[in-house]
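In the two complexes below, subunit A is the common chain; its partner is subunit B in one and subunit C in the other.
On to the complex of A and B.
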């Protein structure tokens, strides 16, 4: 029993981190249909900026804030100057964003060096809750909490506010949205910024868990895409369920069949896509 | 008359040759080709390696055996395919005299046949794949580093006898280097009465170790972990967070607690015991000078990557001196490289065994905090350890190379 409880807990906490990352991607890729391979770079750069803030100020919340906002600004600049010209041109998007990812990777190497770092979590978030033989590391609980808050806020903004309605309208039919007086460009920019913000925030939160190091960008990127594709393009609920599914599959695969851990992760995904090509909650 | 003239010509020729300055004086610099990842995930390791080599050459005023030295650096981004392209470039268009560098066992295996084809000596200061000096030797590869299982052999004995652990659970990276480090440990540990009760293999790049940690058998006396690079950074923290550190001591392969990651680690690494061919904390005047000057120059403590490449520079220097700088004669150069003995490297005395792997000191190290920094304090030294430990080479080589299933896990 202990085994199952702790494995489910581990799977959910890893899924929480994936959700923070994939939530942003589902906005940019799923809703705006921009294939953004720079998403992993936002995660990494967010981590690095957060690290610098921690070194300077020692404040973890400030690190999350500054890291996320700085990279959101970077994302907006990237969108304004390049990506919004490439609407609908998938090949152009892929080439441009891969190019950016490589440039960011080398820039990070120049600025922060190649040394691997971890972001020091505040003392209150280290250690573990201990009940009998079970251990629940505090930081993992924290990640689950952050993911839950982000999920609720995102859902509320998208489904229950005027801005959210404008966002959905813009994504569904930009021309009509423009026709009824929505500032399409500003809304698109906002959605893109929010996506980058979430990825960078995940970079700081995840940086205390997986570390901040060259190569993290391309390591984490496929997971984010898998989550979005399996969950269904543009569906927030899909991203949430997809993250949990990937987290749990990854975890149980490793725990039960360590030799086949990649198989147990990717085989169910292939099966899901074969049965539902639009993903679990995607619309055709 | 005709005969006299011939004789005269011969005499003149002989004189001319004898009087000519030594060949090297006209030949320009000795060119060293260096291949390592300079960009991408392993770039920092590549930099540590290059720093070591350049520091040695700078100490010699960039001159070896009376000739200037030129180092041509090529970035292979950690990939075997790119390494092969760069090798061709260095040999064919730069016309280097000797090659060095390289990171990751599979790159080592990829380069070796090509190096033999070109008949050009290449030093392997880091790449440790066992079989390159065991069952699949390569004529032109001169290993100045180590075999993966070399530090593990004495460590197995140390853990069984000195630390007195009876049952050990293993978690290691799932690739050749992991198999060899773990295999060497298991062999000697079990021969000294210990039992490996569990072996878990995690893929390289594993971010979350929790699924493995929750499976670790709680009746183990110690956990042996083999981590490399980024995983060394993550593992100790997750080990502590899972509540295991308080119950089961953590030991491991040398790279788990490498100087490369120590500055980024905190209390979670304290107490970790591991073996390696080097520790920055070796208490000899030579090493202290090395560490001090390396820090002054590059602002950090040297890792074993820096030391082995520093010593590789020395190695090339000694061999070139022995043949008076005639490095163009590759056969002669290779023979000289194989004969080098260094009694006073920062890591201790080194010479090659008959199969071309260094016989050297193995250090058992324990992570401790000193003046606010983490160091690998040396708790025991095993001098003059060969890749075959105390076994007869012929006997040892009859076994297959260490793998996932060899030695078999009898007590799992």
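On to the complex of A and C.
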């Protein structure tokens, strides 16, 4: 029993991290139809920038803030100079964003070297809650809390504010959104910035959990895409459920059948897509 | 108010508008008639910036707006009721109106729009995609009014509506005209268009082939059979 409880807890906490990454990706992918393979790089670069801030200042909150904002700016520049010209051109998007991912990877190697690092979590977030035989690391609880707050804030903005309604109108019919005076370019830029911000923030938060090391970008990217595709492109609820599902599957896969862990992750995904090609909460 | 000067518009290689010129004066309703596929919607798309013209000029209130992004044209005072309604289906009626609120200080806001279309008030919380065709059409008009336009572009607002609703839309248009709005009205319903228009243009194959006051068209059998298929 203890084994199951702690594995479920671990799966949920990994799912929480994935949600931070996939929440932004689903908005960019589903709302703006931009296939952004640089998303994993935002995660890694956010982690590295956060690391540098920690080394300089020792402040974990500042590391999250600076890492997230710096990479959001980077994402906006990338969008402004390149991606917004590639609307509807999927091949161009894939090639461009993979190109950026490779450039960022090399850049990170030059700046931060090839060694793996772990972002030191503040003392308050280390240790564990102990309930006799069960053991819940505080940092994992923290990740779940961050994801929950982000989910609520995103939901509120999207469903309960005028800007959120403008974003949904743009998804429904971008041309007509312009026809009622919505500045679609500005909305798109905002969504892109938000996506990069969340991914980079996840990189700092995750940096204290999975570490910051060369290759982390391309390691986490498929997970984020699986979450978005299973959950349904553009659906926040889908990203949330998808993250938890993938977090749990990955965790149980690795714990129970370590030699088949990719199978236990991707087989259910294939099954879901066979039954619902648009994902759990996706629209056609 | 609106001056269209020798506009040429293409979809890729296909040359659709082959030099269209017309004017809409302040407070006027100008009707644009023509059979299917003659380029009426393409002209509307050229004016609002969806498909910018490759040659020619669109001048609105003395400002050259040729090739402007749609949202800037809307901010300057052009409202659009597109062909096929194109309400935002996943948004509620209230949200459809809220996202279109522009040019504060103008006469239109949610309360006023809902007085004009009480049915929309009753359905404020419903998803627009679930409304009937007539209700969607009212929403499309109401949404355009929310931008507080000085010029309204209406592309076949009676398409697919029952006769009683066609009359309703005709009344709304006359009402808006009485409020001083200028309107460019694309219509297939001849009686309705001639009832409200101050001036009529007939389009064929991307050109304006006939222009006259509305009264003159009733008896012009030649134009009606040749260009309107009546």
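Observations on the structure shown:
Simple rule for what comes next: the second predicted complex is superposed on the first by the 284 of 284 C-alpha atoms of A that agree within 3 Å, B and C clash if a C-alpha of one lies under 4 Å from a C-alpha of the other, contacts with A are read in each partner's own complex, and residues count from 1 in each chain.
Assume a residue touches a chain if its C-beta (ideal position, glycine included) is under 8 Å from a C-beta of that chain, and two chains touch if they have at least 3 such contacts.
Nothing here was measured: the structure is a model prediction, and the numbers come from that model.
For the composite obtained by overlaying on subunit A, subunit B and subunit C can both be accommodated side by side without a clash. Once the two structures are superposed, subunit B and subunit C can be ranked by residues of subunit A touched, with B on top. In the overlay built on the shared chain, the residue A:180 is in contact with subunit C alone; subunit B does not reach it. By the touch criterion defined above, A:97 lies against neither subunit B nor subunit C after alignment on the C-alpha atoms of chain A.
In the overlay built on the shared chain, the residue A:210 is in contact with subunit B alone; subunit C does not reach it. In the superposition on chain A, contact is made by A:165 with subunit C only, not with subunit B. Of the two partner chains placed by the overlay, neither subunit B nor subunit C lies in contact with A:38. In the overlay built on the shared chain, the residue A:10 is in contact with subunit B alone; subunit C does not reach it. By the touch criterion stated above, A:261 is placed in contact with subunit B alone, subunit C being left untouched.
In this overlay, which is a superposition and not a single complex, subunit B and subunit C have their closest Cα atoms 39 Å apart. Shared contact residues of subunit A, touching subunit B in one structure and subunit C in the other, are absent. By the touch criterion given at the top, residues 3, 6-7, 10, 13-14, 105-106, 109, 113-118, 120, 126-128, 130, 135, 137-140, 209-211, 213-215, 219, 250-252, 254-255, 258-259, 261-262 of subunit A touch subunit B in their complex.
Subunit B contributes residues 39-47, 200-203, 205-208, 210-212, 214-215, 229-230, 233-234, 237-238, 241-243, 261, 263-264, 266 to its touches with subunit A in the complex. The residues of subunit C lying in touch with subunit A in their complex are 48-50, 69-71, 74-75, 80, 82, 86, 88-91, 95-96, 98-100, 102, 143-144, 146-147.
Here subunit A touches subunit C in the complex through residues 162, 165-166, 168-169, 171-173, 175-185, 283, going by the rule given at the top.
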